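Right, one structure below, let's go through it.
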Amino acid sequence: MCNNANPYVPYVATIEDTWFETEGDRCVKTFKVTLDEAAARDSWSHQPGQCAMVGLLGIGESMFCISCSPTEGDFLRFSIMRAGKNTLALHEQEAGDKITVRGPYGNSFPMDDWKGKHIITIGGGIGQAPLRPIVEYVRANRDQYAGLTMIYGARTSEDLCFKGEFEEMAQSEDLSCNLTIDIEEEGWEHNVGFVPSMLMDLSPSPENAIAITCGPPIMIRFVLENLKKLGFADEQIYTTLENRMKCGFGKCGRCNVGNLYVCKDGPVFSYATLKEIPEAFA
Amino acid sequence: MVDVEKLKEIARETVSRDDVKYLIGWRQGSFGFRAAPHFVNKPEDTDKLIFSPLCSHNLATFLTLAEKLPVPRGQEPDSRKIALMVKGCDSRAVVLQLAEKGISREGIYVIGCPCRGVVDQKKVEAKYPEMGESVTAEWGKETIIFDLPSGREEVPREEILAGKCITCRYPNPLIADAGAWEEVAVWGTDDYADVKEVEAGNPQERWDFWEDKFASCIRCYSCRNVCPMCYCEDCVLDRLNPEWVMRSVNTTENTAFHLARAFHLAGRCIECGECERVCPVDIPLMKLNRKLTKEVREKFEYEPGVDPEAKPLPASYRPDDKEDFIL
Amino acid sequence: MEIIKLSKDKFADFLASLSEGEQKLYAPQWVGESLRFAPVTDSSKVELGMANTTVPPKSIFFPQTETLYRYELGGTEMQQPQVRDTGVVLGARPCDARALVIVDNLFNWDLEDPYYNEQRVKNTVVGLACNNPCANCFCPSVGGDPASTEGLDVLMTELEDVYLLQPLTEKGQKLCQSVAAVTEKAAAGDQDAAENLHQQAREQVARKIETEGIPENLPKLWENTLWQETANSCLGCGICTFLCPTCHCFDIQDEVEGIEGRRCRMWDSCMFKEYTLHASGHNPRPTRRERTRNRINHKYSYFVDKFDVIACVGCGRCINYCPVNIDILEILQQAKEAL
């Protein structure tokens, strides 16, 4: 949490590096940032799954998931899709520019409770952003987890985020890295097909496993169906939600799904919780 | 006189038609001197329909307010008509919505209700402050009769009518597919006395007058939402990029909002008075709208929504226009 | 704590002593054509005779637009607003004061809201018991009372020639001491008269709803036709939420003039389509049906689940001011029948 007595006042942060993950109208750009104040850096502590409000003075703030694991170092990463007013302005920022950051907000993936389990992440498109910290966290603490399977897909190979990291992952003993794209492409060496089908092809055992999924609503729907077919219990399935947010700590009202605030009770929810909330997948 | 049984019969026939999706009329409200819009889906729902001096709502608003959800793949869009009841003033909104192509003629079925004027809620509530349970009202001969808990009371209509009705020149619907009863005689004349009263002040006085009113605006946008002619899907007021009117609620931004709203209605306001009726802080919005109406009438000899054949004002440029700046 | 009384002919002096020094005095006054709480500059403009103000006194604690901090474009320095003066809120109706206690929960769970809390600490709330509840008041149904003391520092009751002032908290006690010069000790008979008025008012409240079972069961009516029927005539305006004393939702926007910028918050409404609209264009509450359902569920179920109290004080404003007569008591009644 912000150490400041006023939770609305953000930290100032400097962009260290930026790069594009994908191209096009709705391109995704990753920002690697460091908080300016030493005290802020010292007190900041986030866990996989948590979010932060990223903003530009004079433009506004938006909530994004932190797309790096705390195990990666003393910096933050945000992978931001260009969509509205704030993200458009953020995309214009380059290394050296100042942004504002407050947070971290929300709960996190229960990484401690999952120790000793086989972790399976199932992502689609920009939905890989909140899953990436899980993958990195487990890899950094690999001996504490039974296994790591990553399933990730997008429409085309160009639409996959974090492309630069997959080659190393594919070679690694740490994890099983499974990539898929919707449509056949020249030079593509991995799977072709939708993410839910790839899940069925791999058919991971639900025994001692946890499956975490994030992606477009339609993908999530079929992934959930398939996980149930594979015998995963509701408590073994997790997802992370996003909604429009303004404050980040349960005041401004808008992010609720049923009686749960995404910013405080979430963004991480087990399917056992969400299936009781009719609005959750709206 | 109003024959409510006949009205219900027409309504029953209408909602029974295969080509009608639903009908919008009025029902008695839940308390005091209120009516409410009533959506009729099946013939038995017509029992609650009323037409009385409480029926202020311009139901034409609901034609453009109806939410169009994406049609699931493989399904045909529902092209059935929406039926609605209109008073004279309301019908002008329908005429103009048609002229502007905001709605299609095939998409609606209009039941005309000649009107003898509706009451001003605030005037009635001031007269009978002990308002409680729902009170019904009906038209008498140049009076309005209330069925109060203490007994029937007949009030001269000048005393209690809404401002728009006192100056009403179009009490009979100008468009209708079915009608419930005979036309009523026009009683009103309009000399824009309310507008002239403000115009009489010097600029400073006029500014002070409006500044005081705009300062109290809470930007609930009920005036915009209730307006049958405010139906842009992407409203300039909701825009964040660029933010033409800031979200901050203060006199400057409120003024920008009200002027933008009024100007977008120049030559388009059909004077149903709904904006002023719904305003929770009682801003006299019709004074603003009618100033523009008056200008348009004087300069262009144009009145919106009275001639089904006429083009909308902003679409009716004339080569002999005395202003040449447009060329 | 000792009950005191204020003779009505000393009312102007009373107001003067309440606004002494730096202290701000807020009371119901006509602004434009509507009654709301505003700083008192002319004591003759204070209007205590009407029932509820159009805009509730929440606007003092949670202003419609509030600057969170200022900055210069291109800079990184964020300037928080100046510390505010202490104040007195005079003539808050018991329902509106109770609403503050309800909203306190939200502004203080997890991270505390410094702006709201500062105003809560700095203002003394002098309530005015309702001798004549309005047609759509239903405070007793939701745990309130025309003479409820929750959220008040002083309860004031209007008798024929005097106002009776009952201090309820330390702040209230201090306020009563500060007006000692214009008040006197109340007689036993005065208190009895006040009690009688309170009782009469209680009996006068005409509208009721039995809320038992609603909080736990309302979400079960998720697909009930009730929501579509209500939403049919809903205009999607902000009246019911802006005028609600417990509605607390806000938007945050950056506003820039020249190089001066500020990040501020302003009331927002769950009835607006933009409220939940994602930048992607997706809207989890795409129509007025979902928005209406959320508004009622939030007040009568979700808030209860979080804070164990219904987020409605029965002030009747949403009923009185709704342009299309959407009546929350009718909705709740229909919900009860459907359960």
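Structure notes:
Per-chain numbering from 1; labels A, B and C assigned in written order.
Definition applied: contacts are C-beta pairs under 8 Å (C-beta built on N, C-alpha and C of every residue); 3 or more make two chains touch, one makes a residue touch a chain.
Note that the structure is a prediction, hence the values are computed from the model and not measured.
Of all chains shown, the one whose average CA position lies nearest the global CA mean is C.
Of all chains, the one whose CA centroid is most distant from that of chain B is A. Of the two chain pairs shown, A-B and B-C, the one joined by more C-beta contacts is B-C.
Distance between chain A and chain C, defined via averaged C-alpha coordinates, is recorded as 39 Å. Each chain gets one centre point, the mean of its Cα atoms, and the points for chain A and chain B are 49 Å apart. Inter-chain spacing, taken between the CA centroids of chain B and chain C, is 31 Å. In chain B, the positions touching at least two other chains are 240. Counting partner chains per residue, chain C shows two or more touched chains at residues 251, 253. Contact with two or more other chains is made by residues 84-85 of chain A. Within the complex, the chain C residues that touch chain B are 31-34, 36, 54-55, 64-65, 135-136, 206, 229, 232-233, 235-239, 242-243, 251, 253, 255, 264, 266-267, 269, 272, 274, 286-288, 319, 321, 323-327, 329-330.
Across the complex, chain C is touched by residues 29-32, 34-39, 57, 61-62, 65, 67, 69, 131-133, 212-216, 218-222, 224-226, 238, 240, 243, 246-250, 274, 277-278, 280-284 of chain B.
Against chain C, the residues of chain A that register as touching in their complex are 1, 5-10, 12, 36, 55, 57-62, 81, 83-87, 98, 242-244, 246-247, 249-254, 256-259, 264, 278-279, 282.
Listing the residues of chain A that touch chain B in their complex gives 84-85, 88. Listing the residues of chain B that touch chain A in their complex gives 240-241.
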